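Here's a structure for you.
Order of writing sets the labels: A, B, C and D. Residues in every chain begin at 1.
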Amino acid sequence: MIGAMKLVYFAWLRERVGKAGETLSPPANVTTVGALLEWLKGQGGGYAEALKDLSAVRVAVNQEYAGPEAKVGANDEVALFPPVTGG
Amino acid sequence: MIGAMKLVYFAWLRERVGKAGETLSPPANVTTVGALLEWLKGQGGGYAEALKDLSAVRVAVNQEYAGPEAKVGANDEVALFPPVTGG
Amino acid sequence: MIKVQTEDFDVGVELKALMARAQGVGGIVTFTGVVREWSGNQQLAAMTLEHYPGMTERQLADIEAEAVRRWPIEASLIIHRYGRLEPGANIVLVITASAHRQAAFEANEFLVDWLKTKAPFWKLEAGPAGQSWVEAKATDDQAADRWKVTSGPAKRRA
Amino acid sequence: MIKVQTEDFDVGVELKALMARAQGVGGIVTFTGVVREWSGNQQLAAMTLEHYPGMTERQLADIEAEAVRRWPIEASLIIHRYGRLEPGANIVLVITASAHRQAAFEANEFLVDWLKTKAPFWKLEAGPAGQSWVEAKATDDQAADRWKVTSGPAKRRA
């Protein structure tokens, strides 16, 4: 494993996952946003439901928007949320 | 003559003509805005000074913008002023 | 609604009054024009706005009607002051309210651009070098010209 | 200046505060976004705005800095509310003040467009048919995309 990271969820992603946030320790091969999403999806249940359409999922690492290739690691704050609708 | 019309002047046109308005009775051949401007200019003094550059003069007949071909006649209110600078 | 007045206006008060008479609004845009302290390199003591009573109201009403015809505006307001105004003083207020923000923005810019080129106001600036009439700017004509379409909403964002 | 808050705001008060800290201003544009009473054909009882504390402030500060970099803005303000809001309630306020009206208009539209596509807020609407999350609109992405230039002011008025 690569160490614990903080996951946070918003809007309907939060509702589907069933929690606002958690601390997780993914396996060592999970070093990018894309790999993290695939691993989470594989956990089944609310994760699979929340992540079934990845085109509707936006990611921020340490509060900055991040694409699938972006690195993630220990102590990062990784946020998953739908496209924003403020303003 | 075509009858009395009311002339009003604004901004530096008012200052150059030397009055804010007056009632004038131009000769009968003065039936358009263009002819009125030429006739006024021919009156010399402040009029000639105010109207020496007609590209800087705007005209409204009865409070609507009017070009040189627009008709003018008895009882019309004809305004002469420089390009506007409000807003 | 249009108002031509010497008195100052309060944007907050006008905005609340407008919202009270509007329905279905999602976005409201205001433009406030104020007297700048500097005109070129001359520090202004004051500015005097002359206008053409009667024609001013007519032009403002026409411009507002045109905006309402071209954009889905729920409510609008134009206030233009005249008389003596000191630096920092309000000159003009334009408010446009619409269900959609883009209509509110576009109609507001349209109104401000046309006020600059059509409304019969003239600015006389007073500074250290004496008084002088402000000259009309070609850029204001160009700004107004971009709204010249024969029908339908402006298509400036192709 | 940016503010993320549950409390309501007063446009008039914010405008005066901003003007007090700005110099050389000739034009001020405000955009106020309010909760619409109707969403499609559903009459809303209320809307709840969720946001991402921390990232919201970061995004708003970044967007404001970008606007100040691209336009000659003398002062600006972004207020975005979150929490439960009823129809007619204020959601967002953007103020831009500049010596030149076009800069004030463009920077304001830029900020509003980016808020819609970048600021981490999500709207949950409550109506007769229950609660539902508002879906992002492709038109908002398009509106934001028109500001994507690599340097200098936007050139959308060729």
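In this section, contacts are C-beta pairs under 8 Å (C-beta built on N, C-alpha and C of every residue); 3 or more make two chains touch, one makes a residue touch a chain.
Just so we're clear, the structure is a prediction, and the values are computed from it rather than from any experiment.
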item: Distance in touch steps, counted as few as possible, from subunit A out to subunit D; value: 1
item: Graph distance between subunit B and subunit D, where chains that touch are linked; value: 2
item: Mean-CA-position distance for subunit C and subunit A (Å); value: 49
item: CA centroid of subunit A to CA centroid of subunit B, Å; value: 74
item: Distance between the centres, which are taken as Cα means, of subunit C and subunit B, whole angstrom; value: 27
item: Distance from subunit D to subunit C - Cα centre to Cα centre, in angstrom; value: 22
item: Two or more partner chains touched - positions in subunit B; value: none
item: Sites on subunit D at which at least two other chains make contact; value: 33, 112
item: Chain-to-chain touches, reported pairwise for every pair that qualifies; value: A-D, B-C, C-D
item: Interfacial residue positions of subunit B with respect to subunit C in the complex; value: 8, 10-12, 60, 63-65, 79, 81-87
item: Residues of subunit C defined as touching subunit B within the complex; value: 33, 49-52, 54-55, 58, 80, 91-92, 112, 115-124, 133-136, 140
item: Touching residues (chain side subunit D, partner subunit C) in the complex; value: 10-13, 15, 19, 23-34, 36-38, 88, 99, 101-102, 104-105, 108-109, 112, 143, 146, 156-157
